[in-house]
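Please find the structures below.
The two complexes that follow have subunit A in common; it is paired with subunit B in the first and with subunit C in the second.
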Partner chain A sequence: MTPRLTTLVIVGLVALVGSAPLWATPYHITLMIPAMAYGIALLGLNLLFGYAGLLSFGHAMFVGIGAYTTAVFTSKLGIRSFELVLVASAVAAALFAIPIGLLTVRYVRIFFGMLTLAFGMLFHSFLFKFYHLTGGDSGMRVVRPTLLGQDTQELDKIAFLTGPFFLYVLALLVILGLVMLRIVHSPFGLHLKALRENARKAEYLGVTVRRFRLAAFVISAIYCSIGGVILAVPTGIADPELAYWTHSGNLIFMTLLGGFTNFFGPILGAFSFILLQDQLMSATQYWRFFLGVVLALIVILFPRGLMGILESLMARFSRGRS
Partner chain B sequence: MDLGRRKAIKTIGTAGVVAATLPILGFPAIAQNRPLRVGIIAPKAGIAGTIGECGLQGTLFAVEKINAAGGIAGRMVELVIEEETNPKDSIERLRKLVLQDKVDCVQGIVSSGVSLAMGPAAEEMKALTIYWDGTTQDGVDETMAKPRYVFRSTDNECEAVMASLLVVKHWKGKFKTIAGINPDYSYGRNNWAAFQALLKKFGIEFTVVAEQWPKVGTLDLTSHVAALKAAKPDMIFSSLLFADLPVFMRTAHSAGLMEGTRFAFPAAGFQHTALKKEFTPEGMIFGHNTLYFDHPQANALQKEFVAYYHNKTKDYPHWEADRAYFAMQAYKAGVEKAQKAKNAWPSIEEIAAAMEGVKVDSLGGPGRMREDHIAEQTFYQGITTHKNKYDFPTLGVVDTMYSDQLQKPPGANFWKWIETAQIKL
Partner chain C sequence: MNGPGEPTKRTEDGRLLRQSADSGTVMIETRGVSKHYGPFVALADITITLKAGEMVSIVGPNGAGKTTLVNVLTGLLRTTTGQVLFKGHDIAGIGPVRLARLGMARSFQLVHIFPELTVEETIAVAEIARAGKAGRLWASVRGDDAIHARVREVAAIFGLDTKLDRPARVLSQGDKKLLDIASAFALAPEVILLDEPTSGISTGDKHGIMKTLVEAARTANVKAIILVEHDMDLVAEYSDRIIALQEGRILADLPPTQFFADPAIVAAVVGMKPVRHA
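And then the complex of A and B:
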């Protein structure tokens, strides 16, 4: 596909999603909110995984940081500005990510994965055990935030979610998507790709490997925390399960499902996962089994994920036409 | 500018919801001619899977009886069943049931974490919701102070209060050192704290020699059992209740922990048929709570249900079936009361208001829904015996208490209530 056609398709898809209140049911609109939240989180995770070649098993921790920052701000401090919460969660995620990143990016492959898993589990244990601070297993309440300074209490929850909040989150996805697009096509993004392919060679060429990996780690943490902020609002709670290692597994599943080799793969993965899980959960109590089968099939047959399948179909179509 | 922005947001919200609800708008008369749809959210897998399945049988039994007798206020009942998992996904299931499946009422929920998270969500969605279980003290006041649409089960701590009272009644003066092994979440922590508070209230001097907090679902409890054995307590209090309880019992039996130690298990009824005689001794205080399947004076309804359950599952039911039956019958009573008062089909608000104070003859005995939306029910606990026809222990001595003796009155604080309540042994 030409860049111009790609742009047209993306604009068309954004317009389609943005017009969802006109054609989708309220339930399906509310389903798109976590899909977009995960889309943002996965854009960050894939900077680390797809571009820098580091697979984290602990990024649910940053989703949890986003959710708990929202809870602390809205229900404990009484600060309900969504914009302030977004900034605060990004700062909190960065403050956690810098020391953790300094320790973890010294390692690669399974060692990096295990270290991130360990830090994720430490954070989960903190949330679970320090219940006087965090609410333990009961979590912390998230109060509805204001958007652009406007209080929406006059709307009921569904009207709030399917109206202003939905459009706000879509705008966030677009803005953060454009920022990430700029990042991956900048010299920084190219350096990440170079060190992913051959870190030693990149170092010889002047790439300061650890500093670049650390920067990718921090950016990915910020994206995940913003995803966590968005996830916490519809459910109205920040609970420790958001930071549990199985949630990190879900993030990786979504990335693989959509395809980590394509920039838009993780967003497609997030939407597909939410839809697939929703349908399977209603259809059968063995939905986890079927999700496992899908993951196995994707890894074995389509390692480039759904986006890879689409790319192959497009290439075949182009060859057929020529 | 400010007004313009406010108006724009309001318009977007209104336009969004109007546009999105257009396809589902229908005529009230048509809506009333369709069956009443009840959404069920219950665990189907994992350590609480069997609990959810047992509850579901209670619901199915209630629906079969209701439909055979002509339905609820003339409308048949149909079920839409969804799985309870973590708080986030369970709230999404609630949203699906309300927005997509258009259910008239939601029932279910076993986990405390899910119930506390779902309460505010259900209130905000104006979804009439009746919990089977999961009503611990933590967070209830904060998240569901005065619910309008949500109805809760009896306080989870009722089980611990009754077991503690039985410990005082049967074993006062027979132990000095105690230990606890309780699940590491609000339910386990509250039960252990309530147990100690009640011992103090009744003037029992004791020393805590060990506290073990396994995470829910831990299936290797060797180190916990070793720690308990090393502490040599006279009595052990445990609120283990999921698939980890039979594992604990086997491990404790193998380690010789059972010899010379008294046990109180306020919530063991959830696993009663998995606790085989070969590793579960007699003489333990054992909570069957709102349904004791083998009660010698059981009413005809309970006998019918136990036979129904045994025919379907080759097993014997526990109290979650009773909670589910109670929830369905409380809803039926509320709908019919509101319909009779209005002489037309009532709104959700009218049904919720009518449910306050309704009395229900549940599987385990009489119960009612209090005005503060918390259930009152009949509880059964006692001391285990092997003298029965089963391969698991039953109760040799059965104690019965109504929950008004076991839970705080409306508006009270649980911990202050323990200190001041006039409780009869």
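And then the complex of A and C:
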């Protein structure tokens, strides 16, 4: 697919999603909010996984940091500006990510994965056990934020979520997507790909491997925390389960489902996962079993995920036309 | 460039590399370097120099200490005793990134490439590092004309300019080797260390690759080259000086004519007959 056609398809898809309040049911619109939140989080996670080659099993921690920052700001401090919450969650995520990254990016493969898992478990334990600070297993309440200084208390919850909040989140996805697109095509992005492919060679070509891995780790944490901020608003609660290791597993599942070798794969994975989970949950109580089957099939049969399947179909179509 | 069958043309004073105003300046110097791994002595009392304008080969049988010496010279290993100086800086254990910034590059015995990156991207990785543009998150590689011009220039030297958009993994073994070396050249190093640049290459292509390397070094104004090589024909043709190692010690440090005139040394290097140290 040519760059111009890709741009047209993306613009068309954004327009289609943006017009959802005109044609989709409120249920499906509210379903798209977590999909977009995960889309943002996975754009970050895939900078670390798809571009830098580091698979984290602990990034749910940063989703949790985003959600709990929202709760602290809106319900404890009384600061309801969504923009301030986004900035604060990004700062909080970076403050956690820098020391954790300094320790973890010294390692690769399973050692990196296990270390990130360990830090994620530590953070979850903190949320779960320090009841007086975090609300323990009950979580922390999230109050509806103001958007661009506009208070929307006069709207009922569904009207708020399907109207201004939905469009705000879509705008965030587009902006953060463009920022990430710029990052992966920058000199920094090329160096990330080089160290993913061959770290030793990259070092001899002057690539500061650990520094770049750390930068990718911090950026991915910020994106995940922003995803966490968005996830907390519709549910009205910052739940410790958001930081649990199974949630990190879900993030990886979505990335693999969409395809980590393509920039847009994780976003497709987020939408597909939410839709699939919703359909399976309404169809059977054994939905986790079927999700497992899907994951196994994707990894075995389609390692490049749904985007890989689409790319193959497009290539076959192009060959057929020529 | 010379034809495939012709010997590489030397400069007027018989050297392989282009001579410049600073020819003869010491680029690399080791002073009494030794490297021990527990009781095993990998290198013992190595004192050598590499001057600007020289192409020096390091030879020796397997286990002679060539790889250890290369790793010491490229700042990867700390010495047990002694100093390694590059342009007067002590480089023992400084690591590859700082070494590249100081002006030394290396290629590897086994091909080291980025399989999924294209030829253009691979060379651009080095150019970005050389130009100090690596930290730019908001710049576009695609839109940087200076990077593209430099990449095309380096690729053309190595005959890779028609394969810029090919992923490195689909290249022939010879082209992979050239790309590995081209990316090192893209750092515009003053000294380059070539670790068996023709390993895995068919005998017929070896001289072609070596000629390309020497031409590239001349074009890129590389001041000195260290060549680690097993093929003694190549060593004879592409060296101003030969340093032979045996059991971690210097066996000989001679010009090719004197080196090959001593059958005992040659036999020791090709692994037939050990020469006893005095």
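Rule of thumb we're sticking to: the second predicted complex is superposed on the first by the 322 of 322 C-alpha atoms of A that agree within 3 Å, B and C clash if a C-alpha of one lies under 4 Å from a C-alpha of the other, contacts with A are read in each partner's own complex, and residues count from 1 in each chain.
Please note the rule applied: a residue touches a chain if its C-beta (ideal position, glycine included) is under 8 Å from a C-beta of that chain, and two chains touch if they have at least 3 such contacts.
Quick caveat, the model's predicted, so the values are computed rather than measured.
Chemist: With the two complexes overlaid on their shared chain, look at subunit A and say whether subunit B and subunit C clash or fit.
Modeler: Aligned through their shared chain, the two binders fit side by side on subunit A.
Chemist: Give the label of whichever partner, subunit B or subunit C, reaches more residues of subunit A.
Modeler: It is B that touches the greater number of subunit A residues.
Chemist: Name the contact category of A:Gly18: first (subunit B only), second (subunit C only), both, or neither.
Modeler: After superposing on A, A:Gly18 lies clear of both subunit B and subunit C.
Chemist: Is A:Gly249 in contact with subunit B, with subunit C, with both, or with neither (first, second, both, neither)?
Modeler: Once the two structures are laid over each other on A, A:Gly249 reaches no partner at all.
Chemist: What is the contact status of A:Glu154 with respect to subunit B (first) and subunit C (second): first, second, both, or neither?
Modeler: first
Chemist: Between subunit B and subunit C, whom does A:Leu167 touch in the aligned arrangement: first, second, both, or neither?
Modeler: First partner only, subunit B.
Chemist: Please state, to the nearest 10 degrees, the angle that the Cα centres of subunit B and subunit C subtend at the Cα centre of subunit A after superposition.
Modeler: 140
Chemist: Per the contact definition in the header, classify A:Leu205: touching subunit B only (first), subunit C only (second), both, or neither.
Modeler: Touch partner of A:Leu205: subunit C, not subunit B.
Chemist: So after superposition, what is the minimum Cα distance from subunit B to subunit C, given in Å?
Modeler: 31 Å.
Chemist: Could you please specify the touching residues of subunit A with respect to subunit B in the complex?
Modeler: Listed in rising order, the residues of subunit A that touch subunit B are 21-31, 34, 128-129, 131, 135-139, 141, 147-150, 152, 154-160, 162-164, 166-167, 231, 234-237, 239, 241-242, 277-278, 281-282, 285, 287-288.
Chemist: For the complex, give me every residue of subunit B touching subunit A.
Modeler: The contact residues of subunit B facing subunit A are 2, 5-6, 9-10, 12-17, 19-21, 23-24, 44-45, 82-83, 86-89, 91-93, 95-96, 99-100, 112-113, 116-117, 120-121, 124-126, 136, 138-139, 142-143, 184-186, 189.
Chemist: Please give the residue numbers of subunit A that touch subunit C in the complex, ascending.
Modeler: Listed in rising order, the residues are 182-183, 185-191, 193-194, 197-198, 200-209, 212.
Chemist: Where on subunit C does subunit A make contact in their complex?
Modeler: Counting only subunit C, the residues touching subunit A are 95-97, 99-101, 105-106, 108, 112-117, 121-122, 124-126, 128-130, 133-142, 144, 147, 180, 183-184, 186-187.
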